[in-house]
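Per-chain residue numbering starts at 1, and chain names A, B, C and D are given in the order in which the chains are listed.
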Amino acid sequence: MARPHENHREDVAGRANVEDTPELLAYYADLDRFGAGALWTVANKIEPWEPQSSSVPMLWRWTELREPVLRSVDLVTPEKAGRRVIYLRNPGRDDVAAAVGWIYSGLQVMNPGEAASAHRHSASAIRFILEGAGAYTVVDGHKMTLGRNDFVLTPNGTWHEHAVAAEGSPCIWQDCLDIPFVNAMEANFYEVHPDLTQAVGYAVDDMTKTWGNAGLTPSGGDWAKGYSPMFKYEWAPTYDALQRYAGCTDGSPFDGVMMEYVNPTTNGPVMRTLGASMQMLRPGEHTKAHRHTGSYLYTVAKGSGHSIINGKRFDWSERDIFCVPSWAWHEHVNGSATEDACLFCLSDLPVMRALGLYREQAFGENGGHQPIK
Amino acid sequence: MARPHENHREDVAGRANVEDTPELLAYYADLDRFGAGALWTVANKIEPWEPQSSSVPMLWRWTELREPVLRSVDLVTPEKAGRRVIYLRNPGRDDVAAAVGWIYSGLQVMNPGEAASAHRHSASAIRFILEGAGAYTVVDGHKMTLGRNDFVLTPNGTWHEHAVAAEGSPCIWQDCLDIPFVNAMEANFYEVHPDLTQAVGYAVDDMTKTWGNAGLTPSGGDWAKGYSPMFKYEWAPTYDALQRYAGCTDGSPFDGVMMEYVNPTTNGPVMRTLGASMQMLRPGEHTKAHRHTGSYLYTVAKGSGHSIINGKRFDWSERDIFCVPSWAWHEHVNGSATEDACLFCLSDLPVMRALGLYREQAFGENGGHQPIK
Amino acid sequence: MARPHENHREDVAGRANVEDTPELLAYYADLDRFGAGALWTVANKIEPWEPQSSSVPMLWRWTELREPVLRSVDLVTPEKAGRRVIYLRNPGRDDVAAAVGWIYSGLQVMNPGEAASAHRHSASAIRFILEGAGAYTVVDGHKMTLGRNDFVLTPNGTWHEHAVAAEGSPCIWQDCLDIPFVNAMEANFYEVHPDLTQAVGYAVDDMTKTWGNAGLTPSGGDWAKGYSPMFKYEWAPTYDALQRYAGCTDGSPFDGVMMEYVNPTTNGPVMRTLGASMQMLRPGEHTKAHRHTGSYLYTVAKGSGHSIINGKRFDWSERDIFCVPSWAWHEHVNGSATEDACLFCLSDLPVMRALGLYREQAFGENGGHQPIK
Amino acid sequence: MARPHENHREDVAGRANVEDTPELLAYYADLDRFGAGALWTVANKIEPWEPQSSSVPMLWRWTELREPVLRSVDLVTPEKAGRRVIYLRNPGRDDVAAAVGWIYSGLQVMNPGEAASAHRHSASAIRFILEGAGAYTVVDGHKMTLGRNDFVLTPNGTWHEHAVAAEGSPCIWQDCLDIPFVNAMEANFYEVHPDLTQAVGYAVDDMTKTWGNAGLTPSGGDWAKGYSPMFKYEWAPTYDALQRYAGCTDGSPFDGVMMEYVNPTTNGPVMRTLGASMQMLRPGEHTKAHRHTGSYLYTVAKGSGHSIINGKRFDWSERDIFCVPSWAWHEHVNGSATEDACLFCLSDLPVMRALGLYREQAFGENGGHQPIK
């Protein structure tokens, strides 16, 4: 169990500051033999003054990624690949295959008439449609048709499979999962569906029709699972809601007009481990900078502009994806003076909130705007 | 404290069955002097085998009521009347001014340009629009425009006032309140607004725009009051929701396609003491009979048909109002073979459920249909 | 449906103030025919400025009641009486057999070796032991032994029966039930146990041993019913808790050192419709007056003193019972300069809180003390 | 961002099984340039069939650790060390300083009259007393005296400091924290108290006296924080509770008589991220094997015996500490035929449950017992 000796000292009252002496080094070697160590040698390292993220702010350009993603169709079959997905890599998180923090994201592509096999796992997914017509997903026997900027949930433990109707066009899903997190929690199980495909047991889009009615719930309806019964969230009513809400709110100085997607039976997050929101930056809007704990992955649903993350500028257009690591300063700018811009944001905020780990801070200087490095 | 002697005997094991003797009568007189009595003389009365409602099933016809309601405009001013309301009386509940059970209901009429003064009370109200254009209600500074078959909440403790825009037409609200219940609970407070009118402090219909978006909640929004922040529930999206839901459900054998109005932040009832639902009877639908605890007041929102309540038939058309007392058998029939019919139902179901007093029973004989008396 | 004409006028802006005219009287007669009435004739009556309780403050003396209660043993058998109970009457609530508000209370007496038959009903009970040794109650197969100042729950829908062990002494339970309330809600069902007696299926006092451990819950234990799994609350740990708590609190100016009995799985009330508390008045303590909504029934568990209720003084000693109606001013005085006094209080506070009807007010004048009438 | 190429293939329907070809290798290099990768090369690795823990089952012997822990008193001052703690190391988790999973644990020692400085952090702690008299901890101004087998909470964000009274003896706390987890979540903040020490603002042990009363809650008491107000959990009432509970339960086949420590205001875990339980193995008891997700750290509070973890036997005596990693089979044996044995268990079960990641499985073969390797 021996490892190279570390000693992280700080000359601050209340922090560890013990110098190495021959006597102590002998003592440390002793502890090592019993499967122990002296906290004061590592305390300052494991108790930082504030969070240090290992993720790097990143932007993945649609113009760069789209072509190779579509090319994968010619290179592998869904049967051999399991799922035909190109995943996003973050240099700081390559060891856990995460795009940011503990969140995995990949672009799944399917041709008309193709279908992936059904499986389930403890990881939960939000799948956002980037492109194409005719996509559908089946979750525990419920079939959902999917269009651009819609997303579908495939929660922890639910059977799911994806396909594109024969009369559709090639479709690209952005899959976002908590695979790295569930692996880190050592709680991931995986199962292939015994028939490789599910029987559809309900009217198409039944869950949306049943649960997606503002201020109304099915009489006698009962839902106590840890995720939303709505399964699908559509772009059209979302954009409509943002416009309605914009008519009676000043919005957030940091996020513009922002709404969170919720489980209609709880008004809480759509799943326990992943949440999502859509925010509208009004024409010309430049938000103020703030930072908060949690890991965030943005997809540009509409418009173009740029974000400044920890002092670095990232320009984005529709379909681009970028990430904001935990405790990174960030602010957003809509590049158009006439059109609004919409950002879809996927995060582990439900985890941070459920566990009491969410914290937020406004950027106090320079009128709330970061200097650009 | 002396009162006429009662003795309710039943010859069933486990029930009281004590005959009056001179010795016991003397004893009862003794108890009387100490502010006490012998339970066994009244036990069978106060512990019935099943609920005995004092309300009578009733139907109030729109064709009969509308004219006198409108006539009140000429007879009293809102200033003198406080509110210009004709209330519904139930012969069994005249002592508490209830239409059924502990629920009060009245028809409030106002002419274009008229306004009632603002007040608040511990009683909660659901106000359903029966007729007219230009009605609006202001609740705690939020102004809601109201159309036919919409309803508005004025919850316990909120300032509220009603009016009709100058360019509108005479409007009739059906006010439903828990006044009798709150009186029975000895918890009713009443206050006139110091200015007799509220200042409107928000964009018109802001609460609907903010909270009335299926599966979306305002980011940073916070609502922990004991009633819905939505305040207004509109007919158009309700009817649309019923049709969507009808596309993927068989409905209830007793109620057809039924949805409950809910507080979007809890998926629970719109207020703690009063709930509401809308049910659609499909063309030709004849539901089966059942009964349950709680008191129910129906308003015919669309179509015509009849209901059988405790074996008696009540024919209804649009705008009619009828009641189903606690534990009364009831079934509904849509009289049209081509059009659907919609019933708005107001009840104290939230109280029954919150206190564990809800119980339900299907009518088991005759194919589920009551013989008509 | 015709009834004598009423007209409750008040000359206050925002209140009804319409004088009777021949035209209006004719109009009222018209409305009468359609099952309707003019709200403005009764509005001021049904919407009082503040609650008007129909209950009268009362005190039932143990020295007066004990003898007749014990005498009932010789007068009726449990078999004939159902239960051998002398109930407390309030002149203002005789119509519903309530001691105060919607709360029934009676003194049940049983001799050693006697047992009452098992039944269940929708009404919920708290049963407080006033006197005797060897009492026990069986609830849904769980047997609880009961001593002085202990109480036992027999919640809505649970089978229950009471008895005294052969080696015990005559025992008196103070039964407190929400019978009047459940009747008012038209939700009362009653059932005699098919065998007239239950089989005991668990170790004696198992629920207390399982759930009555501060800060500990049985692993794998699951309890989601609307009432406490603890069933029995004992005097010894209650008194101990009051003393511990008194060591670190100033107490309430209105209630001294007061603790509420709770369902350990929710920290909420022991049942949905009835709650209980125990309060300790320290030697010489004279609390300040306040009033609140809800109906309250006190039993003197320890000591002696007096309470002032709506300006009237009621002197009490151990085992006396008295009531405080809704919105009645009240303050308590411990008559001893050396001993503490303890008041057990039973109420419908859980209903008032669950439905948002609880309101409280301190007596602002005269140093917080009522003038005595 | 280039890294060595991986390709994890499985020949199972529904799993990735794509062979490397020159064309694909060129494609992978392409993806690499855009910050992307092909999921099918790593899918089987990041989606295991069941959890793979990186923690090793370990036992730390009290007889080995006690001496070096006490020796640290002579080697470093609390001032220099920050806290004088020897922490437990797990070979599989050395990179994050965890004893098991994401849980840190260390033994903190203090001499009579010594005090550590006050600080706070986002990590939460449970501190279990292994040895000594006179220990106390101050949390947000509340002082708790601590004896052997008691534990104290210092939740996320609370100021805390530890000390030993001058008249006490050297004391050893076992500190258990979620530091590694909160670091992994990138949410750890650290702050030294401005005065280095807190003022005590309440009666000693006030929170225990206020909240530690079974079935009773302080009237008017209000607590909505994400952790228990009880702060301290004592051994004596715990052991008493286990004995009471043992009198009416068969216990769990896997864990004997087990109770979970709970927040009395919710009946949920004592904190959001760490939970604790105490289990009693009756004389001679040998439990059956099972496994579940989550990481577990046991401290032997009483008695001796052994546990079999993933087929390996670990013998334990009082004060020993051992761990069970996620999804590891385990069973426990009380080595005494006459005395009970008690195991204190600290875990991240609240996280697993809150996030829907808890899963459990019984060992089905061999009568429920693992073969020993």
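We adopt the following convention: a contact is a pair of C-beta atoms (placed from the backbone, for glycine too) under 8 Å apart; a residue touches a chain by one contact, two chains touch by 3 or more.
Worth saying up front: this structure is predicted, and the values here are computed from it rather than measured.
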- Return the chain pair with more inter-chain C-beta contacts, choosing between B-C and A-B. B-C
- How far is the middle of chain A from the middle of chain C, if each middle is the mean of its Cα atoms, in Å? 53
- chain B and chain C: spacing of chain centres that average the CA atoms, whole Å: 28
- Query: Hey, how far is the Cα centre of chain A from the one of chain B, in Å?
  - Reply: 45
- Note on the structure: chain D residues touching 2+ other chains are none
- Once you've mapped the touching chain pairs, tell me: line, ring, star, complete or other? ring
- Query: How about chain C: which of its residues touch chain B in the complex?
  - Reply: 1, 3, 12-18, 23-24, 27, 30-31, 34-40, 42-44, 46-54, 58, 60-61, 64-65, 68, 71-72, 75-76, 79-91, 94, 96-97, 101-102, 104, 106-107, 117-119, 121-123, 156-157, 179-180, 182-193, 196, 226, 272-273, 293-295, 325-327, 351-352, 354-359
- Item | Contact set on chain A toward chain B in their complex | 202-203, 205-206, 209-220, 228, 230, 233, 237-238, 240-241, 244-245, 247-249, 252, 255, 258-262, 264-267, 277-279
